[in-house]
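Structures follow.
The following pair of complexes shares a single chain, chain A, combined with chain B in the former and chain C in the latter.
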Partner chain A sequence: MKIHRTLTIIAIILITWSASVSAEDNQAEEIMKKAHLALFYAGDDGSADVVMTIVNSKGKERMREFTMLRLDLEDGGKQFYYTYFRKPHDVSRLTFMVHKVPFETDSRWLYIPAVDLVKRISADDKNSSFVGSDFTYEDVSGRHWSEDNHKLLRTDILGGRDVHVIESIPEAGHKGFSRKVSFIDAKHFLPLKEEYYDKKGEMERVYTAELIEDIEGIRTPTLRKMENVKKNQYTVVEFTNISYNVGLKDNIFTERYLKNPPREYIK
Partner chain B sequence: MSMIKNMAATLAAVLVASAGYAGDPHITGFLQGLYGGSMDENNPTASEMTASETRLQLRLESFSEGAEFFGRLDFIYDDHDNPSYDWELREGYVKFRIGRNLDFKIGRQIITWGTGDLIFINDLFAKDYRAFFSGRDDQYLKAPHNGMRAEYYSRLGTVSVAYTPRFTPNRIPTGERLSYYNPLAGNIVGGDDYFFEGRMPEAKFRNSEIAARFSRYFGSTDVAFYFYRGLYKNPVGMDMVNMIAYYPRLYVYGASVRMPIFGGIAWLESGYYDSRDDTVGDDPFIPNAGVSSMIGFECQINSDLAANVQYQNRTMIDYDKYVAGLPEGMIERDEMYHLLTTRLTRLLWMETVTLSAFAFYSPSDEDFYGRFSISYKHTDALTFMVGGNIFDGKYEYTDFGAFQKNDNVYVKVTYGY
Partner chain C sequence: MKRFFTEFSINHPWTIIVAVVLITAFFAAQLPDIKIDTDPENMLEADEPVRVFDHEVKEEFAISDFIAVGVVDEGGVFNKGLLTNIYRIINEVAEIEGVVADDILAPSTVDDIRQEDGILTVRTLMAEEPDSDRHARYILSRIKDNPILRGKLASDDGKAIAMFIPIESKNMSHRIAGEIREIVDRHSNGEEYFIAGLPVAEDSFGAEMFRQMAVSAPLAGIIILLLMLIFFRNVKIVIAPMIVAVVSVIWAMGLLILTGNTVHIMSSMIPIFLIPIAVLNSIHIISEFHDRYQKYKHKKTTIKSTISDLFVPMLFTSVTTIVGFISLALTPIPPVRVFGIFVAFGIFVAWLLSITFNPAFAVLVSDKSLRKFGRADNEHGPLSGVMHLLRDFSARHYKGILFGSAVVVVAAAVGLSLIVVNDNPVKWFKQNHPLRVADRALNKHLAGTYMNYLIFESDDADAMKDPETLRYIEKFQRYLEQNRVVGSTTGLTDIVKKVRYELYDGDSSMNAIPDSRDEVAQNVFLFEISGGDPGDLFKFVTQDYSKTNVWVQMREGDNNSVMLVVNDAEVFFADNPPPASLEMHWAGLPYVNVVWQDKMVGGMRSALLSSFVVVFIIMVFLFRSPILGLISMLPLSITITAIYGAIGYIGKPYDMPIAVLSSLTLGLSIDFAIHFIKRSKYIHQKTGDFRKTFPEIFEGLARAIGRNVLVIAIGFVPMFFSSLVPYITVGLFFFAIMTVSGAVTMLLLPAVFIVGRARLFPVGEVKHVRAKKEEVRK
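Let's look at the complex of A and B:
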């Protein structure tokens, strides 16, 4: 009888403990979902001019200038991206289009106007560098929150703001990182900082939102930095002329507009 | 010559001046030096330089409500054997839209379609193999057409029609800088005595070119059907009365499929070449009809290494009649031609260094063509490139074997602005 009671107590403790753990995990996943939506799905669509500065370990700078259009077909779901390159000269007027469906392989197209060539690009490796920068394709278009296991490590203060510190572990064998620690703003849920760890568990890259501005009522990181601490190099991305809910139609994200940039949005 | 120079100067002035008036014009372009030398002492061309040129490209773009203008003008100083100036309007077109679904592009333009990587079956727009074989940028492989293109977009798919009033042939080696195989001489020739030029057809409507395509997506698979009515793009016909090569009449019907599969992109394309001047197939001086097909696959091996492979097959129709009609002593071509190609591209140092290799190998013709290059982007504006073109062949009369004395290496410096 006594043994039976002890077992019951142990069972109750175990159940409540595991329930509290999963509640914490749910909370962490919920925060990461909000962060993902805040960073990658702001508004129903958006357009922005982007200047990307890539700085190598010797301090040498390279620049990329482009205009980006984005349309969300579903919050957290299917998305279309359109990029029109302006600089440098060898990629000027080149256009790039992505149809992103979470958990599926992206469809990507590149149009090279000098030879009038529409090229479809195999998009198997989302962890390759985006146009030679420290950002990967996955950093640019987002990694779905449900692909990793999240754990709320603590709440903290970063740069005077309350943040949730969340650890994310991907499935074994993920190439991009083995562990990620995100510092998510407790109010607007934008990541203020993310630390990416490599296979050996060493810190490899650090993302920081250097400047967050209010654009049409939406908190937007307008200056973002990705530093590769191992290679001692970094990339800074500056967003200007940002507009949300501009009314982009889905037909813009087709081969017709890939070859003929929509001039109402791309001047 | 001075007239050309004046014209070029006037055009440049117009381009620059119009920049002052147009709404929001962008002028960009590059300055490029390209110097290449032949690696084969026995090359019968007059010059051992395969390239020695300085090129200034001006690009001007302007757009307003509903219409868009684009111009690309090259000025070339060429000191190959007789120093000379030259210029070419690479592109100069207006784009506009009528209604909601119809787009027009009118003027001098470059047109590309089809699925292959440097293999063209249904793309019968002009290629510039002289540029391609001597180290010029990839954009110079496509030669411009003067014409108009209309594209109609609907739910069912896209219909594109390109009309070129004046037949525009491929630019192939003429013996000036690159030697070639001359069937009359029976070997590889070059130099002034063997300057090669096909006879252009008369400027008549029936000699114009019409190329059409219908394309649409089924999910992520893109499917296209093609039609071409014009002439063979190379002077593959022989007028035995006047002893001159010419461009026989050609119709092409084709189709292609391209889709993402196995973590890469695969493509399949085929075309039926209907040789209109030799429908019976017994004229040895005009190519027989044939079917050309290819299959290809491209994938990203890791984050900085991309590769593709292709296989092409060309099969001659009415081969028996071809053989029966062949005069004594003339070289007999195979009924079936096979070609394998591969491309490897490796990016290093944050994509500032590009290593590129492309190889063509035909097991049936037993010939080879390899393109190799290393380029380094010193800054966003300044790029250095070293490259080579290597040809080999058991016979002198095959597609690549014909150029086997043209092995060359080149250096290229580009400053973009």
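Let's look at the complex of A and C:
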């Protein structure tokens, strides 16, 4: 009887322990899901003016200015993006549209004003550079949380804030990174920092939320930096005139509007 | 003074030997600190503008030097098996330490811009292993349809494929090439991989050179030792010159390292130059000692009389050789300066040792072991026989010799005019060296392994978005491509055109520079937004679009070939003024080589001329007679013109080693004349009658010269079989200098003596000398 009881206790301990392990993993994935939604799906839609500064290893700068519209059809699901370029001047009026469907290949269109032509462009490489910056397409529109295996490494303090430190490992052969370590704010779940490691296991890029502001009650990183530590270059993105829940219609995100930008949102 | 050194050495032999051992130990202790530098770029000063600019360009456009790897197969290389191998090889090569993996140019790494079902795609050309031969052929067709890749990655007939492996630093290329070789050998299914490119050639040369050095210098030393042994048959005696040679090498190299100089391609040759030069004086001493010992039978007396008679000629032969090498200090090429200065120092050391160490050493050799010395090779040996033949020949045919010399000079002058200045580090290797074979194979089929960069610069940002400017550069590219040396040119123009061509669904009428600045900018933007790597773009244009870089790929790396293209560019630029103000500059390793060649040729010319003048002045001073001074310059002048004239006829390009060797030729080929004239005068002082003087010249003195010719000339024969062309050249030069200047001295000078005997060897001079000696005694 005594043995029986001991065994039962051991069994209970084992079950609880293993449950807690998987609960930890669940917890990590849950955190990453919240982070994904907080960063990429804030509000039902949004618009912002963006100034992007690309600084190369010699300190030379390139600027891009554009207005970005976003409409979420479903939280964590399908999204539309519309980008209207203002600067440099020789690409002003150029527009760019993305239909993002998680787990599927995006659709991307570009309107080239100089020749008055809309062109579909390939989207099967999400890890290529976004308009020549250190951000990839995936950095801009997000990588679905369920695509990687997450593990909560520890909780820590970063810049005076409590953070969950989570390691994400993609399936083998993923081109973007071999390992990612995210520092997720424990309170509002925005990533404060992300470290991307290359296939040699060396740190390649570091994302940091340089400034987080309260916009219409939503915590929003308004100054974001992506540094390529290997190439010693970085890109800084500044968001202004941010508004959420502006009531974007899905018909804006069609080829017709590429040539004729919606004036009520893009002045 | 001349007595002091020798007297002291004879009386205190151990002091001299201990001093030499201590100083040698001190310099030998410096040798482990050796710093090796095999980069030919360091032939130029660090702040040389072309070099600084080349670095700026590479920095600004993030360009690395490349190792080219390729496969050539007449049966075609675009099949599943071979491309699979290449895919796997590149994956491994990318992992090599020092390879700039991001910038590898290979089918599995470069982007292809293409059109698929109306969708514009910038995507890796061969993103995964090809699944069929059809897929492989498709990849070839994509390369052919892309002016950025065409010719570079594959030949149009599909018989050759190339990959370009960028490396962080040139001086890693030998190691990296070795690792690539190991990888391709492991993957190869029988196909042969060629590895080529200027950086590998330059770096491998350095590596191989030091290996050669470790063989050539000791080998020459051993052969010289053996030859001396044959002549003098006494190990104890002939070991002394070898010690002098080795000690002067150690002192020179030790001082070079101590003063913080790096051992460059040139300075690695210091031992091979010093050994024979150091031995020369000693052979004269031993020869005289050898010939006189049997007469005096007294060691110290023999030594004193030998050194006393040889002191002045040895001093002057050393000074002239030093002048020849010191003149290299006038060249604008730092390693050549270091080389010249330290060879000169070594020669000084060798001279000092031959009048101190040699006598001291000889004193310590027991009389017993000298008993037989000098008996074996007396006045009736084969060497004497040859000298007597020369004596009779020059006495009988002196007019013919003078005429023949004149003919040689005229013919050599014609040869001199045929000399072509040219160099190519790849050709420092022999024809059948793997690097040469690879160079030929890849450059025959592909756009070339020699990469130069033509930079166009404007003061205005965005200048390179101007359609007029782009069209001008496009026209410029087409013009350069007409040169047979140019395999391909690639620039921003090609990216703009390719994007536009694909944007319009492969409409070839759109394969042109657009008409508006905005369209240019938007085409480039389209490239970037479609997934094109901005890193690729900025290898051709700066971020502010004020500068553009046209890659000019060449099939030949000879300086002359590169010059052809450079001149073409100058001509086009002069005839076709650019639409906006543009500056044009060249960068790239082959171009840097052209610049240092120019500097070297000019520098060597002034070094040679100045040392020629200095040597002439020294000769006039030595003989106290302008006429004898002139006569003494004859063998040297004829030797130089004959050797360089021969080079002109043979068609061997005047390259770095040949340029540097002119100072050696000058310094060495005067030596025999100095000994010959000086000793002839001595002899005449004793005989007072030219009819007695003349035959006497062809005895001891002639034998010493003959021994020198044989020892040095034969000592360098093994270098003819070196795998490195500059080593062969050095060996041939020593051989030619010795034989030609020896022959000219032994034939022409006697002929001149006969013609000018009345003036040069007046009868009764002997009385004058005797009278003077008596005067001194009183």
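As a convention for this text, the second predicted complex is superposed on the first by the 250 of 267 C-alpha atoms of A that agree within 3 Å, B and C clash if a C-alpha of one lies under 4 Å from a C-alpha of the other, contacts with A are read in each partner's own complex, and residues count from 1 in each chain.
Operating definition for what follows: contacts are C-beta pairs under 8 Å (C-beta built on N, C-alpha and C of every residue); 3 or more make two chains touch, one makes a residue touch a chain.
Nothing here was measured: the structure is a model prediction, and the numbers come from that model.
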Fit or clash between chain C and chain B when superposed on chain A | clash
Looking at the overlay, what does A:Ser122 touch: chain B (first), chain C (second), both, or neither?
-> both
Touching A:Leu110, do we find chain B (first), chain C (second), both, or neither?
-> second
Return first, second, both or neither, reflecting whether A:Leu94 touches chain B, chain C, both chains, or no partner chain.
-> second
Scan A:Glu255 for contacts with chain B and chain C and give back first, second, both or neither.
-> first
Touching A:Asn149 in the superposition: chain B (first), chain C (second), both, neither?
-> neither
Name the contact category of A:Lys267: first (chain B only), second (chain C only), both, or neither.
-> first
What is the contact status of A:Lys58 with respect to chain B (first) and chain C (second): first, second, both, or neither?
-> second
Answer with first, second, both or neither: which of chain B and chain C does A:Asn245 touch in the superposed model?
-> neither
Considering 187-195, 349-357 or 457-465, which region of chain C has C-alpha atoms that clash with chain B after the structures are aligned on chain A?
-> 457-465
In the superposed view, which residues of chain A touch chain B and also chain C?
-> 56, 60, 62, 88, 90, 112, 114-115, 117, 120-122, 124-125, 128-129, 131-132
What part of chain A is in contact with chain C in the complex they form?
-> 56-58, 60-62, 88, 90-91, 94, 96, 110, 112-115, 117, 119-122, 124-125, 128-132, 200, 231
Chain A contact footprint on chain B (complex, rising order) = 24, 28-30, 59, 61, 63, 68, 72, 95, 103, 109-112, 138-139, 141-142, 151, 153, 158, 220, 222, 258, 260, 263-265, 298-300, 302-304, 306, 347, 350-352, 377, 379-381, 383, 414, 416-417
Of chain C, residues touching chain A in the complex | 59-60, 62, 95, 116, 118-123, 462, 465, 503, 514, 516-522, 525-526, 528-535, 537-538, 542-544
Complex interface listing, chain A residues touching chain B | 54, 56, 60, 62-63, 87-90, 92-93, 105, 107, 112, 114-117, 120-125, 127-129, 131-133, 233, 255-256, 260, 263, 267
